[in-house]
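Each of the next two complexes has chain A plus one other chain: chain B in the first, chain C in the second.
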Partner chain A sequence: MSELLRVRHLTTSFMTGAGLARAVDDVSLTLLEGETLGMVGESGCGKTVTALSLLRLVDRPGHIAHESVIEYQGKDLMQMSPAQLRQIRGAEIAMIFQEPTASLNPVLTVGAQVDEAVRAHRSVSRADARARTVELFELVGIPDPAKRVNEYPHQLSGGMQQRAMIAMALSCNPRILIADEPTTALDVTIQAQILELLVELKQRLGMAMILITHDLGIVAGVADRVAVMYGGQIVEQANTDALFRQPAHPYTSALLRAVPRLDQPATRLATIPGAVPPATAWPPACRFHPRCPQTMDHCKSEMPGLTETGPAHLTRCWLAEEQHRRDA
Partner chain B sequence: MVRFVARRLLQGVAVVFLVATLAFILFRLAPGDPFTRMGDASSASQEFKAQARRNLGLDQPLHTQYFRYIANLARGDLGMSFSEQRPVLRAIADRVPATVVLAAAALLIDFLLGIFIGAAQGSRAGSKADDLLSVLTLTLYSVPVFWLGLMLMLVFAHNVGLLDLLPATGSKTTGVYEYLTPLGQLTDRIRHLILPAVALGLVGAAGTARYQRAAMLDVIRQDFIRTARAKGLRERSVLLGHALRNSLLPIITLFGLSFPILLSGTVLVETVFAWPGLGKFVVDAIFARDYNVVTGAVIISACMVVLGNLLADLLYRAVDPRVRGVV
Partner chain C sequence: MKSVPTPLLSVRHLVKQYRATGGLLSRPAPLLAVSDVSFDLAYGESLGLVGESGSGKTTLARLILRLTEATAGSVRFDGIDVLDLDARSLRALRRRIQIVFQDPFGSLNPRMSVGAAVREPIEVHNIARGAAAVEKVTQLFQEVGLDPSYVDRYPHELSGGQRQRVGIARALSVEPDLLVLDEPVSALDVSVQAQVLNLLLDLRERRGLTYLFIAHDLAVVRHIAQRIIVMYAGRFVETAPAAQAYSEPLHPYTRSLLSAVPVPDPRGQRQRIVLKGDMPDPRHTPAGCVFHPRCPHLKKDDRCRTEVPLLREAAEGRKVACHWFEEPMTVPQSQAARHVN
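Our next item is the complex of A and B:
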């Protein structure tokens, strides 16, 4: 499989009243054709800003550092003019967001909003765009699509709204779908339906997908590879099986312990002490060291690099690096 | 839709009657009547004044006057103007068109300019142009309407102005107007309208721009704007198609609320520019204690405010699908 997206040294910072917040700090990742990359981490770890940065959708006062590279099929989005960028947005790389209710314009019909996406990239008549929209609504499982296209977002349930967002994202057959917590705002029963729909459509349309979530259960079931984020950095990246079976970073292990399980006797759920520090005050050296149960002196003085700790398995941890060296 | 309008009109009638009652009480509470003028002990004899009061029913007890007044009002009769010796309704009807034209022109300037400036500022918040326009609009908003009117005169008006471009007072050129072609008459009226309408509209536009800027800033931060950008729309489509329309919702409320302020503004501007409208007529009537004219004008203003608010509500329903079927 060939590389579709290649991100190198992505750094996005925000000038805030409390100082410079490096929300995304030197993130590098690769997305292969047709694969699903899961991105997990706690709230505030930089997942969403990473996703928005990929399409350069970060609003002021956010700023993507110039040395960042976002290559889509060999072309660097960072070097593109606004007009060139528009041809990528929605057409090649599409995105769906966490809150469908807030992500749809309340004063336009859902159909009109999907028509607009179609017409932004294809010179088709209004009628043809509408026909495509009805077809898309059917594809994403909205019942009675010909009628629903004329309804306003507030007339649709949360699940239906998210289906409409998915229809909008798929309107121009994108190669990459970025889904930022697509099920978080929905009822539990609807969550499963939307997730199934995404997986099915991804396979049917042969897209690659970046699925951002804080739910490890979702990632385990859907993703081919997983990137774990902490403090604006990727701290571990591996194939899903390897990550779940042999997590190398103490943070990943702690996250996995914090997942409630039905197949084991009920015990008190493990938590990670402390909270994610604010992006304006990342701890020096290893960002996880204040919360890490296995902190060593070295962790407090020098930042570990993202190094190979197994086959296609990258970890940003001194301990994991040491163990890997000992095993080898 | 029809039921909504009917219900609102019915509410409007109730409002107008309440306003009429309040106006009646307020003006009767003020000391004096049409025949007492401050420091005026001469002209007419006491007998003549008493006779005149009897003729106009002013000698009757207040509640009798009130019920007669309301009964007449229900029939559309606003009574006689004491000073003009003719029905108030006719006297007002003569002046309403001039005020409506002035108010409509001012509203147009107010909202078109205000929305344009505010939206432009909101979409470039923090830029130098935004800062400059903020200073400009705030200054303009702090200026009294009548002062702005006088300053405009000093710059643009014939005879007194630096530039000598436009007529300073009235709504048409006296003595010449009748001899103009229809097109010439229209041009003459528009030339007379410009200064008063600009004076009134500009101050309103400054306020509207402040609201529009805030509304635009608020909308631009919403998630659906990000969605619009994410689907690859041009920035112009994002701003005009998605941001502007949503940002108009609070402005429509402002539009409905601006009617009473605008009407009180016309009183000042009409006085400054000698504009033959309702405002100037009412000011004169207040000094003459011409009760029926004042209450009549208040009632007509109440009707305009009620209709203005109805218009605002209808606009709201047109722009925001969420309120359809709710109110």
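Our next item is the complex of A and C:
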């Protein structure tokens, strides 16, 4: 499979009252054609800012460092003009967000909003745009689409609003869909519907997907590969099966153990002490070291790099690196 | 005959109907948020109340605390008729039943330090004053795992998990018997969620508290609850001891809910039932079984569309409201999905 997206050294920071927030720090990743990459990590670890940066949607006071590379099919988005970027956004790479209500305009019908997205990249008549919108509504499983296009966002349930957002994102047949917590605000039964829809659409339309979520259960069921973020960095990246079977980073292991699950005894849960610090105050050296159960002296003095600890398995951890060297 | 101890909380035929309102397209109709529910909660028991958004969980909690007035029914707490109390006795009762909300931000005064927020109920209820009250606040902070140096901070200076600990400390400050927890960990990251759940387990053991634990996440509820009530569109559809509710759910809704919970194991993916559509608008609930429009049970028939199934005893300690619960549930192929990589 060929590379669709190639990101190198992506670094995004914000100037805040409390100092410089390094929200995304030297993130490199690759997305292959047709694959689903899951991105997980606790709140504040930089998942959303990474997604926004991929489309250069970071506004002031945010800033993407110049040395960042965001190549879509070999063309660097960092070098593109605003007009060229508009050709990419929506048409090639589309994004859906956690809160459909926040992304939909309450005073326009949902149909009108999808029409607008259809017409943004193609010169089609109003009637043709509407016909396409109805078709898209049908595609995303909105019942009675010809009627629902005339409804306002508040007349739709949360699940239907998210379907309308997906319809809008698909309006120009994007090659990549970035979904930022697309089901977090939804009930588990509706979440199951939306995930099934995304998986089905992805296969049918041959898209690649970046699925951002804090729910490891969703990642396990849907993603081919997973990137784990902590403190604005990718700390581990591997094929889904390998990540869940043999997590190499203590953060990944700790996250996995903290998840309440139905398939294991309901004993006390393992916890991670403390909380994610603000992006203005990442700890020095390894950013996870103050919360890590296996901290060594080295972890407090030098930042580990992202190194190979298994086949297609990258880990940012001194201990994992040492263990890998010993095993090899 | 076994003697049954008096429950701490006893709810009978409780109903909450909101006034008729109409949407843009729908005709005005009253909204039945809680529809004739009854249950007991024993001293020291932890009861989990689950159901999707809008099923009436928060409304039920508010009725018990009389933060919302019931339309009909009764609530007895330790033998006291709650719905009949005057304002003064109600205040005394509120000391014994405390509630913790999902969003501690919404329930904490942004201009009051968190130490003062915990001290306030201690003084309002005359539990301690002055230095003794300060001392009690320090103890409570330690008990919920907050460094006492945080007393002078304001809510916005704390993380979500820390604010939720403050919410719990505030609720505990008046030494309640019953703690109603309305989605206390839903807004938290899994790592912090685990910290707060463990804290709740410790507190229960240490203080012998009784919990009514509300959540929509079944995997979370399983860690706290000994018994489960599943609510759908204002009604109870199943009640069972937790172990049985999870190992052999009887109601098609409970089965569907459980099957929809994501499994954090790529090799442990199982067949799941994907329900079609949404929960009905509570102003226009369908005739017959409220769940029938979405029910995937292949046995579904006219009786389900016309006759309301009663919540009846299915086994000892188990009740279910379904005409067909005794039949093994098979679902149409179109609703059986499995995510494949």
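FYI, the second predicted complex is superposed on the first by the 328 of 328 C-alpha atoms of A that agree within 3 Å, B and C clash if a C-alpha of one lies under 4 Å from a C-alpha of the other, contacts with A are read in each partner's own complex, and residues count from 1 in each chain.
The rule we apply is simple: a contact is a pair of C-beta atoms (placed from the backbone, for glycine too) under 8 Å apart; a residue touches a chain by one contact, two chains touch by 3 or more.
It should be emphasised that the depicted structure is a prediction, and the values quoted were computed from it without experimental measurement.
K.L.:
Using the overlay on chain A, decide if chain B and chain C clash or can fit next to each other.
P.N.:
Verdict on chain A: chain B and chain C fit.
K.L.:
Per the contact definition in the header, classify A:Leu55: touching chain B only (first), chain C only (second), both, or neither.
P.N.:
Touch status of A:Leu55: first partner only.
K.L.:
Counting only touches as set out at the top, which of chain B and chain C does A:Ala312 meet: first, second, both, neither?
P.N.:
Touch status of A:Ala312: no partner.
K.L.:
Return first, second, both or neither, reflecting whether A:Ala146 touches chain B, chain C, both chains, or no partner chain.
P.N.:
Once the two structures are laid over each other on A, A:Ala146 reaches no partner at all.
K.L.:
Taking the superposition on A as described, I'd like to know which of chain B and chain C A:Ile190 touches: first, second, both or neither.
P.N.:
The second partner, chain C, only.
K.L.:
Which partner does A:Leu256 reach: the first (chain B), the second (chain C), both, or neither?
P.N.:
So A:Leu256 only meets chain C here.
K.L.:
Applying the document's definition of touching, compare chain B and chain C: which contacts more of chain A?
P.N.:
C
K.L.:
In the superposed arrangement, which partner chain does A:His121 touch: chain B (first), chain C (second), both, or neither?
P.N.:
In the superposed model, A:His121 contacts chain B only, not chain C.
K.L.:
Looking at the overlay, what does A:Glu42 touch: chain B (first), chain C (second), both, or neither?
P.N.:
In the superposed model, A:Glu42 contacts chain C only, not chain B.
K.L.:
In the overlaid three-chain picture, find the nearest pair of C-alpha atoms across chain B and chain C and give that distance in Å.
P.N.:
6 Å.
K.L.:
Which positions of chain A sit in both the chain B and the chain C interface?
P.N.:
Comparing the two interfaces on chain A, one with chain B and one with chain C, the shared residues are 152.
K.L.:
So in the complex, which bits of chain C are touching chain A?
P.N.:
Going through chain C, the ones touching chain A are 23-25, 52-53, 159-162, 189-195, 197-198, 201, 216-220, 222-223, 242, 246, 256-258, 260-269, 272, 274-278, 337, 339-341.
K.L.:
Taking the touch rule as given, give the residues of chain A at its contact with chain B in the complex, in rising order.
P.N.:
Per the stated touch rule, the residues are 52, 55, 57, 59-60, 82, 86-91, 94-95, 97, 99, 102-109, 113, 116-117, 120-121, 152, 154, 165, 168-169, 171.
K.L.:
In their complex, what parts of chain B are in touch with chain A?
P.N.:
126, 221-224, 226-235, 237, 241-242, 245-246, 319-322
K.L.:
Please output the residues of chain A touching chain C within their complex, sorted ascending.
P.N.:
Per the touch definition, chain A meets chain C at residues 36, 42-43, 143, 152, 155, 157-160, 187-193, 195-196, 199, 214-224, 240-241, 244, 254-256, 258-263, 266, 268-272, 275-276.
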